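Next up, some structures in structure tokens.
The following pair of complexes shares a single chain, chain A, combined with chain B in the former and chain C in the latter.
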Partner chain A sequence: MPIIEAKNLTYTYPGGTEPAIKNVSLTIEKGDFVILTGPSGCGKTTLCRCFNGLIPHFYAGRLEGELSVARLNVIERPIYEMARHVGLVFQNPENQLFALSVEKDVAFGLENLGLPRDQIRERVDWALQMTGIEELRERAPHELSGGQQQRVAIACVLAMQPEVMVLDEPTSFLDPLGAQKIFEVVSELNRKLGVTVILVEHRLDLASKHANHVIIMNERTIVLDDEPQEVFDSESARLIGVGIPKATKLWVMLRQNGVRLGRAPVNPEEAVQLLRGVLQRDRS
Partner chain B sequence: MIEVKGVCFAYPTGVEALKEVSLEIRDGDFVAIMGSNGAGKTTLVKHFNGLLKPASGEVFVDGVSTRSVSTASLAREVGFVFQNPDHQLFCETVEEEVAYALKNFGFEEGIVKSRVTWALNLLGLTQYRQTSPFMLSGGERKRLALASVLAWDPQVVVLDEPTIGQDYEQKEKLRQFIVQLNAQGKTVVVVTHDVEFVADCGPRIVLMAEGKIVADGDAKEILTNKELTFKASIVPPQMTQIFVGLADFGLPTDVINVHEARRILLGFLKEEEKP
Partner chain C sequence: MSVFEGFRFRHVHSPIHHLDPRVKFLYVLVVFGIAIAFLEVFPLVLLFLIQIPFVLLARVQREWIRSLKGALFLAILIFAVNLAFGYFGGTSPSSMFLWEYPLAMSLRFLVLVESFSIFFLTTSPDHLSLALEQSHVPYEFCFAFTTAIRFVPVLAEEAQTIMDAQKARGLELERGNFIKRVKNYVPILIPLIVSAIRRSLELAEAMESRAWGATQKRTNLYVLRLKSADYTLIIASLGMLVCSIYLRLYVAVPSLTMLLT
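Then we have the complex of A and B:
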């Protein structure tokens, strides 16, 4: 069942002469884990802002085409209604955090939903635990490191338990293990609770193993939309200059040398498995 | 070029960010400082241009203690590109931004002009000359911050997380650029989490954890050491992960980048897989 459907979405920011996204059509199924990637300035962030109605309701400008998210027509519904269904984690956590303690920041959205007190407490505890920041509970968000702030921002969205989570380069400020942990948390929410995830990410080496769907944008529109393996191993991904996972790249490079090992892996675990098969066959 | 001797530093909040850190960076070195969030990486490099002064211990830049000179005069020698470009940019146009420090350092107008043109061209920002820095994307702002620093030609360039927010192509360009800067004799210090980026560059790595330096050596030696990478919250490069998984076939396990991986596999795979 599709949870997001866009048809010929074209959007121009107020005062802009050219559209920031052009003729974007896509279908995202409920429960998908989507990686959305592409060169800087290709329109990824703009597209994300459409999913919860920030575009067109907050940014104004001109939006044409159709967009339905969680069975709601985004163009007609107000942001506060969309916000119950779609959680957005921004690139820069400083834009998102404002309370005097981490706990209060995470509780804020829940208070706005009008949830009972003990349920708020429970969800805050759960979200802090899931993101590994329980010990920061009493700290002021603006005094935390960039990586810690990003975890707080993610906890705020997690606590709302939205159907769709949109994360715009959420791990930019995190160290690799921190990033991996966030991807695992998000992946677990995706698998266990069926939350649909849209992750904007350049660090495909770490993220790609969790995804079942990859969308690549270039020059303000979608150019590739398929399973990870198909997308990463395609000629066009290389031409656009998307940083395909190193494991996939190894296959592509070997193929250039005339070594054909079949279907390319999208992560190191798969590569090990495939190479072990080849080496074992060679041995016998 | 930079000598850090037994430096301790604590923030007013009481957090001990550096605990007796000693380090020597020679002229022309290429060093990546890696480690988990909060390990003290940024605190350490802020000592290199006197932004922070040690609570105890001493930092020497080109033989001069950072205690005895102003941050402004150190900046001429040690250029600093911050993690968040918004902490660095403030002018009305991209052009003015790059010219600002040059004027402050007292360069002649003609030189200011030609340096601005040179730096913007180098970082692919020429088309934004008259644009406000705040209209640029995150990746572009980052490159602008780098352009402003390179314009005054410091001997040491410190980059705090240069690859954040950069897409693959920009990152690749940046990598070639940094390697080239270093090849031209500049001392380059990069604070980064980006393991694949480091694996492709192959610099000396200084690994930090909890305010201390826990390892200092070449990229290969450190990135393939499982205990060390874990200690510093680093995920080993994908090629290392692959070759560790193939160790029982007699393949080397100290592989960090895709080019050596290809070379090794081409030598190892039987003829039938080849044309």
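Then we have the complex of A and C:
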């Protein structure tokens, strides 16, 4: 069952002469883990802003086409209603935490919804536990590392129990270890709770093993939209300059040299298995 | 950035920190009222001394002494100005009153600083905003207040980064006369303001994404309830107020002038 459906989405920022995204059509199934990637300025962030209604409600501008997320027509529904279904995590962790303690920040969205106090308390505890940051409960945001701040931001969004979680380059301010931790947390939410994840990311080496759907944008529109293996294997992905996982690159290089190894691997583990299989076959 | 250190609230658990901020504010107002009611040195010294146990109980003596040190310069200034006015205003130089009045004025000031610093040193901004909220101040104002405090360290760090960047480009901050030095800060301020505006846009985006304004009846995770310690402080504050009103009206409070002449 599709949870996000876009048809010919075209959007121009107020005062802009050219559209920031052009004729974007996509379908995302419930429970998918989607990686959205492409060169800077290709419209990824703009597309993310469409998913929860920041575009067109917060940014104004001109939006054409159709977009439904979680069975709601984004163009008609206010942002606060979309916020219950779609959680957005931004690039800079610092600018999405406003309270003086982690606990208060996680409660912020729920307080806005006007939920009863016991329910807020329950959900805050749950969100902190799911993201593994219970021990940070009373800390102030400026006392946390970037990675911890970003996990708090994820907990903040998670507490609202959204069906879709959109993460817009959540790791660009983090070190590789912090980034990996974020991917693990998000992947766990995807597997355990069935949250549909849309992850905008450049570090495909680390992220792609969690994904089952990759979308590549270039020049304001979608150019590739398929399973990870198919996308990373394609010639156009390489030409756009997407950071294709090294395991896939190796596979492509081997193929160019005449070594054919079945399906393209997207992470080192798969590549190792593939190579080991071939070597054993050769030996016997 | 030592200037910003003062804004950084530290989470300390003490009986004073856990008091209801509204009750603490009542206490500050009572101290304020008593300090205004007396111009004699003795009651003011007494008022100064009875507050010290609060400071010790809250374990904020170091910060408290720092804030008093900061106020000392102003207290001396108040003393000097009042003394000069007294002297040139025709008070006889031989009378004790010439000295008592300025002394009382600066003591009064110190008592006020003392009680306000106890209040601010022991009240977390979160608590303060909660108190404002429960006193029916619109939530937008309370939110702006806590967010401002939240971003003080962030902006301080950013100012430092910009300063370093501009120095690396050859900007010399500590050079020239006073006017020139002030002008040196323009290349720091402009990027700082521009980035603060961009930051505020991102903040607004994040707020919208978390259902800001979904309902008029917003709940709050925390709620302030008066506990027995709060009632004790209320009674103590009101008791102090009643006693001092009685003293003021019906008892002749001895002044230094009377005692020494």
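What we mean here is this: the second predicted complex is superposed on the first by the 281 of 284 C-alpha atoms of A that agree within 3 Å, B and C clash if a C-alpha of one lies under 4 Å from a C-alpha of the other, contacts with A are read in each partner's own complex, and residues count from 1 in each chain.
Just so it is clear, a contact is a pair of C-beta atoms (placed from the backbone, for glycine too) under 8 Å apart; a residue touches a chain by one contact, two chains touch by 3 or more.
On a predicted model such as this, the values are computed, not experimentally measured, just so you know.
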Touched partner set for A:250, first chain B, second chain C, both or neither: first
Touching partner for A:262 - first (chain B), second (chain C), both, neither: neither
Chain B versus chain C as contact partner of A:112, first or second or both or neither: second
Touched partner set for A:172, first chain B, second chain C, both or neither: first
Which superposed partner A:16 touches (first chain B, second chain C, both, neither): neither
Partner chain in contact with A:148 - chain B first, chain C second, else both or neither: first
Contact residues of chain A, present in both the chain B and the chain C interface: 92
Parts of chain B lying in touch with chain A, wherever the complex brings them together: 13, 35-38, 83-84, 137-140, 161, 164-172, 193-196, 233-235, 237-239, 241-242, 245-246, 249, 258-259, 261-262, 265-266, 268-270, 272-275
Complex contact set, residues of chain C against chain A: 9, 11, 124-126, 143, 146-147, 149-150, 153-154, 199, 202-215, 217-223
Touching residues on chain A, where the partner in the complex is chain C: 49, 52, 54, 57-58, 79-81, 83-84, 87-88, 90, 92, 94-101, 103-104, 107-117, 120-121, 124, 138, 140-142, 156-157, 160
Complex interface listing, chain A residues touching chain B: 38-41, 91-92, 143, 145-148, 169, 172-180, 202-203, 205-206, 241-243, 245-247, 249-250, 253-254, 257-261, 267-269, 271-272, 275-276, 278-279, 282-283
